[in-house]
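Presented below are the structures under discussion, each in the form of structure tokens.
Next come two complexes, and both contain chain A; in the first it sits with chain B, in the second with chain C.
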Partner chain A sequence: MNARLLRMATLPVALIALWEALGRALGGPRTPLPSKVAGEAALLIMSGDLPAALAQSLGRVFSGFAIAAAIAIPLGIAMGRLRAVERNLDPVIESFRPVAAIAMLPLAILWLGAGSGAAVMLVAYAAFFPILIHAVAGAKGVDANLARAAATMGVSGATLARSVIMPAAMPQIAVGLRIGLAVAWTAIVAAELAVGAKAGGGASGGVGQMMFAYYAYSIELNRIIVCMIAVGLVSLALDRLMRFALARAMPWIET
Partner chain B sequence: MAAFALIWWAASVLTDNPLLLPSPQAVSAAFAGLALDGELFTQSALSVVRLLAALLIAFAIAAPLGLAMGMSKRFEEFVDPVVELLRPISGIAWIPLGLFIFGVGQSLPIFIMAYTATFPVLIGTVSGVKSVDRKLVRAAETMGLSQSAIVARVVVPSILPALLVSLRLGVASAWTAVIAAELVGAPNGLGYAISWYREMLVTPKMIAFIAMVGVCGYFCDLALRLLAARLTPWAPGAEARR
Partner chain C sequence: MTIDLQSVRKEFVARDGARTPAVEDVSLTLGEGEFVVIVGPSGCGKTTVLNMIAGLERPTAGAILADGRPVTGPGVDRGVMFQDYALFPWRTVAENVAFPLRFGPAGAGLSGAAIGDRVDATLTLVGLAAARDKYPHQLSGGMRQRVALARLLSYEPKVLLMDEPLAALDAQTRTILQDELLRIWGQDGPAASRRTVLFITHAIDEAVFLADRVVVMSSHPGRVREIVPVDLPRPRNDATRADPDFQRIAQHIWSLIKNEAYRAATS
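And then the complex of A and B:
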């Protein structure tokens, strides 16, 4: 076990040491070094800048994600259960789905300005499709006997959807939610970066904007790397959180 | 679909501001115009060529690495922590640092896309190799095949379906990343064209390019599905739908 841990630590430690050594030997005063990155990380956390930016980004992710889930889950269930709805909506959905969320950003900026609105819309757009598609698949895959049994007992319409279809489709929906949240976090970073780049600074805030400011206004490579690591850590934490929440809410499914 | 166009048209009449929401006619006219003078295709071709270059790079790195990681437990223990440390950092988060290293140009979008596509391909390959039927490998060993022949004749054919699926995932995420990268740091390409026409406030052309992002994304996926149906006709779900 210890030998295994040692093997697992070897390469990361070696790479970081190599980075530090090469950076010191060859780099200029601006070259990022692991030691400097650690120092800057401590500074950014202590000053509250990084936590504030992350909190802002997370707030946008959660609101966008909530919007996406609130639309996509009922719509997906309707599409999965009702032929007519699916036949009418599917072409529209399928023609929007391949359009990368980021491509929508200029349109979002145009409509909602370079603030939180555009970022939230982008997150909602990005998270919408994975949730929808899994909800459709989940609703379609519901055991036909369950639906028939419910129909025999006189349950129909919204009650059927809420108390039979939805719980039965939940494992699939849960997968969609997890993917959607991961996609949402990627989208927010991209949106804030691009808003920062295209709206000429502006007060849009968030961790993406913070990174862009360190690139464009004050060249602080160490701080960019701190932000990158923070982005990675948050995405890990979000996934863990989501798994935990889903496992808590629905102990019968496997996530 | 017709209803959607109708709603769009009605909304554009109601907002009555062609800068915010141009009518469907204006957008299709812009699309046709851009297609006629070729700008639509030159910009898409640039982005798609970058996508292909990045895929080649990602594939060249991820497939052998994934093969090695799947075959050797020990090698996996060495490499996996690095992969898992980098994986949560999305390609898009590399853009500022990438801008600094590569500057505005071809290399930045290619780097971002190659980085993004590497992880799905790598993970698909590793899990593909791990799920290769042990009996097949043992049978090959019994018949005296060398290690390299086993890889070439047994392992690679059996992971091909998983590899192609992961390639499709890689393309999907790389395509998102290229638009972001070009939006910020490229002198041309689809992402650049979108943001250029936004700055020029030529909304119909901007929407035409946004639509083109979808068209290219769709055809890239279709091409990969056809390739999968061609290369691995036995795999479930490989038949090209639609």
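And then the complex of A and C:
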């Protein structure tokens, strides 16, 4: 175990040491160094600024993600089961899908202002597509015999969708939810960076806006790197949490 | 409930428009409380006949009547046990058995407690009380079969349609479940308390052991070759299997399907 840990740590530690050495030897006064980044990280965490910014970003991610899931799952099941719904909606959805979430930003800000509303909308938009596409595939892939069995017990329509199709499609929907959450977290940083620019470093908050302020106003590269690392760690934690929650929600799946 | 098939024909139409007759001119009546078994080689349309009675498929021609009324679709008066059991993998044993009562019309007006009581009673009947909180993937084939049977019995359909329910089991488990099936069907009790059963198998001894009448079908297209009455006394048990009459009837049925079975096995 310790030998394995040592092997895993060797390369990262070496790279950080190299960065520190090169930065000191060749860099100027603003060059970010691991030692400075660590110091800034400690300051930002102790002051509560970084936790507060992350909490605000996470709140937006969860809101946007919840909105996306609440629309995409039922819609995806309807599209997967009802040919007419799919035929009508598929062209519309497929023409929006290549439009990046960030390209929705001007509309989002015009409609909802340069605050949480716009950021939540972008997150919801970004997370919507992966969840929808997996829900459609999941609903289509449901074992036909299960639906037939339910039909012989007099179960059909919305009750069938709720009691059979949705749980049977759940493993596939879970994949969509995991991807959707990861995409949502990516989108929130981009959205807050951009909303931050529009708001002029105002009160929109969040970790993306925090990065924008360090970039546009105080030029603190060390702090930007702290934010980047925090974004990566939160993303990892979110995925682990999601996998844990999904495994708990689907005890019938052997893992 | 009685089921009446009148000159039923079923054609399957492929994408390219080609028509394949699956069932041709099948006429058959299932009497109230009667245990009827269909045997026949694969491709004889026995599952198609069962699906049409269940309302899962429509006949191309002819009529199917349940207590005199035409069958237009699935209904809770005709319960089906599928060959692969069609259990819901995300529900425990007890939840699977409760499913038709919780989500279907058969449970309308039943309180949660009443449904729970019914589930417990049914699980006890099929010997599954100890496995109630397990998921299907944690069970053996024989236990899954019992769950499917319990789910079928829980909502008390008047007709039980069973599509090769024992086919996937080993010989010992099969024998035990044949005995249990007859017990649950009510062979020890008065004939009036029994439900109508249509049971499909390709095992001749199983057919003779269970049935009041065996419907022997031939294939391509599926037709009724002969309907063989089984007048062995009930209750039936291990002694029945050794009865010379049992052997005689089984031999007769084998002689009816032997040629086709050989052809199917060597083609």
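In this text, the second predicted complex is superposed on the first by the 245 of 255 C-alpha atoms of A that agree within 3 Å, B and C clash if a C-alpha of one lies under 4 Å from a C-alpha of the other, contacts with A are read in each partner's own complex, and residues count from 1 in each chain.
Please note the rule applied: a residue touches a chain if its C-beta (ideal position, glycine included) is under 8 Å from a C-beta of that chain, and two chains touch if they have at least 3 such contacts.
Note that this is a predicted model, so its numbers are computed, not measured.
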| item | value |
| --- | --- |
| Touching partner for A:L146 - first (chain B), second (chain C), both, neither | second |
| Chain B versus chain C as contact partner of A:L177, first or second or both or neither | neither |
| First (chain B), second (chain C), both or neither touched by A:M228 | first |
| Touched partner set for A:T10, first chain B, second chain C, both or neither | first |
| First, second, both or neither for A:I73, with chain B first and chain C second | neither |
| Which superposed partner A:L105 touches (first chain B, second chain C, both, neither) | first |
| Touched partner set for A:A168, first chain B, second chain C, both or neither | second |
| Contacting residues of chain C [partner chain A, same complex] | 54-56, 73-76, 78-80, 82, 84, 86, 88-91, 99-100, 102-106, 135-137, 155 |
| Chain C partner contacts - residues on chain A that touch it in the complex | 143, 145-146, 148-155, 159, 163-164, 167-168, 170, 250-252, 254 |
| Complex interface listing, chain A residues touching chain B | 4, 7-12, 15, 88, 91-92, 95-107, 109-111, 185-186, 189-190, 193-194, 197-198, 208, 211-212, 214-215, 219, 221, 224-225, 227-229, 231-233, 235-236 |
| Contact set on chain B toward chain A in their complex | 1, 3-4, 19-21, 74, 77-82, 85-90, 92-97, 99-100, 175-177, 179-180, 183-184, 190-191, 194-195, 197-199, 203, 206-207, 209-211, 213-215, 217-218, 221 |
